[in-house]
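Consider the two complexes below, in which subunit A is the common component and subunit B and subunit C are the respective partners.
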Partner chain A sequence: MSILEVRDLVYGYDSPRGFVPIVDHVDLDLAAGESLGVIGESGSGKSSLLYAVMRILKRNTRIASGSVKFKGDDLSRISAERLGDIRWSGMSMVFQGAMNALNPIIRIGSILGEAYARHHPRASRAEIRDRVQEILDLVRVPSHVRTAFAHELSGGMRQRVVIALALICHPDVLLADEPTTALDVVLQDEIMARLEEIRAKLRFGMILVSHDLALIAETSNRVMVMYAGQIVETGAVRDVIDRPRHPYTIGLLQSYPSLQDMQRVPISIPGSPPTPETAFRGCRFAPRCPMAEPACLDWVSELSAVEETGAAHKVRCRRVDEVDACAASLYRNQRSDA
Partner chain B sequence: MTLAIEGIGLSKIYNSREKMPGISGLWRRKKIAAVADVTIRLEQGKTLAVVGESGSGKSTLGRLLAMMETPDSGSLRFEGRQASELSRAERLALRRRIQMIFQDPYESLDPRLSIRDSVEEPLLALRIDAKEREERVFAALADVELSPPERYLSLRPHQLSGGQRQRVAIARAIVLRPTILIADEPTSMLDVSLRIGILRLLERIRARTGIAILLITHDLALANYASDRVMVMYGGRVVEEGETRVLLKDPKHSYTKLLVASAPRLEPGRQRQRLTRPRPELIMDTT
Partner chain C sequence: MIGYIGSRVFLALPTLVFVVVLNFMLTHLAPGDPAYALAGENATPEYLETIRQEYQLDRPLMAQLSAYLGKIATGDLGFSFSYRQPVLGLILDKVPSTLTLVVAGLILGTVLGTLAGVLAAKRYQTALDATLNVLALLLFSLPIFWLGLLMILVFAIWMGGLPAGGMTSLPPKQGLAYLGDLAIHMVLPTLTVALHTIPTYFRLTRSSVIDALQEDYVVTARAIGLRERTVLFRHCLRNALLPNITVAGMMLGSVFSGALLTEAIFSWPGIGSLMYGAVIQRDLPLVMGIFTVSAICVVIAILLTDITYSLVDPRVRHG
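Let's look at the complex of A and B:
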């Protein structure tokens, strides 16, 4: 059973020319304790998807249709109060860049304590103290950091605090938006290792958003590849990485420089991702796709199951059956562009 | 082998403060050897990568070579001449031949300036006429593959994608026809899918102009792809140095091994090695 169930979610904003979808008809299921990765270039709508799931709506945006169910509750049909509760103790979020947005004038211990107290109004001071200490121990932040201010901490330490803040109410689901992107490889690895240990212990589900496929390969059971607000490929991590079926996924994989395979020369995907206001015609990836044909521009795109790998592996490409044969030569002889 | 620039025994010490554990509001002063006795040689037409985690001294080393900071000890030699012996005018001319690009192109580009003005600005200090300036701006934009240049001239930084902005920053650096380019984490703010494009661009510029490149990065896979030699820094010191392919295939120093072991992989089965870092000798004295 899914703890989180998203159906046909459409999220966007109204412009003078009509409604502009940023997240376009997305389905998503997360089982309890499962780890799902969301990958795509900047601008593909990953952060927006998390905002829409949490119903943290920016002023100009709205959810146009679709549903988000958390433990069976439709989030659009519950009271604001109940939604507020779910937001920390049911589902919580590590925002992109949050380590640079910690309140600068409140001590770390108080930031954590206040977050806990808000959702546990009857908690005694001692209980709050214990809970803060417990969560800091979990993310391995030395206890003297409780009395420090955010600016006194290193980047790695601030990121741990941000993770502690998201976990202090023991959520069932953690939405982590690029939690290590600003950090160097050594720190990233330490923090991801820590997060995996905590997850094994507390058993919360996680949606990890990243533009780094290898990070997702190592952390997630399943992956969703997003492009221009749509899911273009989804499936078990190993299926998608070992037998990618969408030309975009193949591009992401081939652009990844590898230390293991030093002979392989990474490519770059030509062009850049579109903005939501682009007037799309047919397949949204067509302008950058090395396999595009005129018919792709008239294709009403849909996500369909890949036969060999099974129903869980889905792809949005009308030439899906030919992709395997072309994969090796795709993107070669391409000129790089911004 | 012609050396573009040589730094011998470079050290840079900063005064810094560190919070006392446990006691709020109490700080202790300490001196940090951000760079400690580093000797570095940049060859013309080659790329040297400097790798290491945050705080290992890479950016400080880059600034020392770019003469944006003065070393506390050690010396710079440029085309066989000691930098300290140069006249003011010579130093100024020299500094123009060493250009730097940074992680965040937003910071190096003035948001109010159009792309044309941004790229032209460094030329204004030189005695060249408007016509030649224009030609050089066009050539630089074409070099960074923002083509046709006309399409970009009147745009402002916020109208460009991250990758395009970094290309403008590179155009601004090469418009002065430098002989040395110091690229400090030029791709770490960009999507993985765009990084190779930027590195390949630097590669082409290097092949055509014979410029020497210092590539600062914490990503070993990128260093592997884009450099001839690599220097591994930790705690302000060079812990290992050598030909890139050889060194990364068979790292000798435990810190280099840690760096290699920390990078996530697409292939399954990486063991997170519980390697511990060697203790850096960062702190010189405490008062």
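Let's look at the complex of A and C:
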């Protein structure tokens, strides 16, 4: 039973030349306590997907169609008041860039307490204080930080506070938008490990957006690969990483150095991701794809299930049946060109 | 905190000296011999010479300057030619009425400008926003003396009801009636001073609130589900309005000069009217004294502003 159900979501902005989708017909399901990783290059629409799900619409953007259902409530049909109730207590978010997510002139304890009080109107001062202390302990932030301002904290400390803020109302779903991107690798690892520990304890569902494949492989049950606003491959983490069926996913996997195979040199996918305003024809990845044929540009792209791995593993590729055979040699020739 | 205030006060001193020297030079560069003004049109050359000697106007400029600086340091702003009284006393007499006008105008202008700015930012890119922008530009382009005359024409002459000038009716009323009378006389001058300051506050507030509404921490506050009022006032405005504090200090200088002109237009018996008379009479000590006192007021205002800012924004205290 899904706690979060996204159907056919289209989110974008209006330009002088018409509506430009950033997130294009995306379906997504998240079961209670499940962890879903969303991966893709910068500009693939993965962060925007989270914003659209949370209905935090930036200026000039709108949700053009589709639905987001949280515990059966269609978020586009409920009142702003009810939406405000669901946010944070039902579904909360760790924003990218913890540096700016905290108000610079309000003390940390007050920011946390305010969020708790909003969703627990009858809570006494003592209860709020206890709850703030409890959540800071959970993310291992020393209690003197409660009276500090955001600028007085280190980057890692700030990130922990932002995670504490997201968890203070015990949400059922946590949307994490590249929560550790701004931190060094050691700190990154420490904070993600802590987050996983807390998740095991509180059992909330999580959508983790990242461009770090290793991070998603470690923390997620399922993974969704996005390219140019569309899902190009989705499935169980093991299926997608062990037997990727989309040339783009293969490219992403090969762009990371491997510890098992030191001989393998990381490759890069040639070209760069398209902007949302590109006039697409056929498969969006075709211009960069080593397997592309002229017919790919006329193909009406759709997600279809991969036969061997089951219905949950879906791929958007015209030549999906041939990918396996080519996988090993893909991108090799590009590399020698580069 | 004490150290911070101390260093700010210390830095204000050279500013003051610079302003005083500049005033002295500028007033002496201006054409017109004060001796003529004092002696009258039919004065003989011998009489003019006597006056120059009496007021030491025949000494070299540098000697006059150093004498002037020395006297200012002891609180002596000199002796007015035209009133034949010490300058300081003349100015101090007029301070309360000018301050009334400046403070009332500044408060009214700040409040109206800020409110309009917040409103325009909330309704960014709507008809209301566009209208307010055009109005602000219009107000900004109007010189204060023209605006003042226009106010008199419209509200005092065409519509009637409001006095065209003065601070009270003559003879002055007593008790509560005096305050009411003062308030009625204040309406037009205060409005003139305020209208002049509104555009600056409007533009500043509008752009900083538009920016602040897009800040990540405001997005966070919304995402948390906080009420729109809380988001706007507690999370957005408290940050966005910080620059307004700084500008209030800087604006005081402009409001002050605006008030001086306004006083001359509305015959408000304050420093402005005093200055106007002094300039016409070529009463150099009085003119310079007024400039010096104005400069001190503005420097003190900016000092207070910086201190207020450091109290409101925790980041400044450490910086």
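The rule is short, and it goes like this: the second predicted complex is superposed on the first by the 329 of 338 C-alpha atoms of A that agree within 3 Å, B and C clash if a C-alpha of one lies under 4 Å from a C-alpha of the other, contacts with A are read in each partner's own complex, and residues count from 1 in each chain.
We take it that contacts are C-beta pairs under 8 Å (C-beta built on N, C-alpha and C of every residue); 3 or more make two chains touch, one makes a residue touch a chain.
This one's a predicted model, so the numbers in the text were calculated from it and none came from an experiment.
By the touch criterion defined above, A:211 lies against subunit B but remains apart from subunit C after alignment on the C-alpha atoms of chain A. Of the two partner chains, neither subunit B nor subunit C is touched by A:194. In the superposed model, A:238 lies in contact with subunit B only, and not with subunit C. By the document's definition of touching, of the two partners only subunit C reaches A:93; subunit B does not. With both structures placed on the common chain, the touch criterion links A:59 to subunit C but leaves subunit B unconnected.
Looking at the superposition, the partner that touches the larger set of subunit A residues, subunit B or subunit C, turns out to be B. When the two structures are aligned on the shared chain, A:129 is found in touch with neither subunit B nor subunit C. With both structures placed on the common chain, the touch criterion links A:260 to subunit B but leaves subunit C unconnected. Within the superposed three-chain model, A:120 lies out of touch with both subunit B and subunit C [touch as defined at top].
In the superposition on chain A, subunit A positions 152 are in contact with subunit B in one complex as well as with subunit C in the other. Within the complex, the subunit A residues that touch subunit B are 41-43, 107, 142, 144, 147-148, 152, 154-155, 183-189, 192-193, 211-215, 217-218, 238, 241, 251-253, 255-260, 262, 265-269, 272, 335-338. The part of subunit B that touches subunit A in the complex is made up of residues 19, 21-22, 24, 53-55, 145-146, 160-164, 167, 191-197, 200-201, 218-222, 224-225, 245, 248-249, 258-268, 270, 272, 277. Of all residues in subunit C, only 214-217, 219-227, 230, 234-235, 238-239, 312-315, 318 touch subunit A in the complex they form.
The touching residues of subunit A, when paired with subunit C in their complex, are 54, 56, 58-59, 83-89, 92-93, 95, 97, 100-106, 114-115, 118-119, 149, 151-152, 165.
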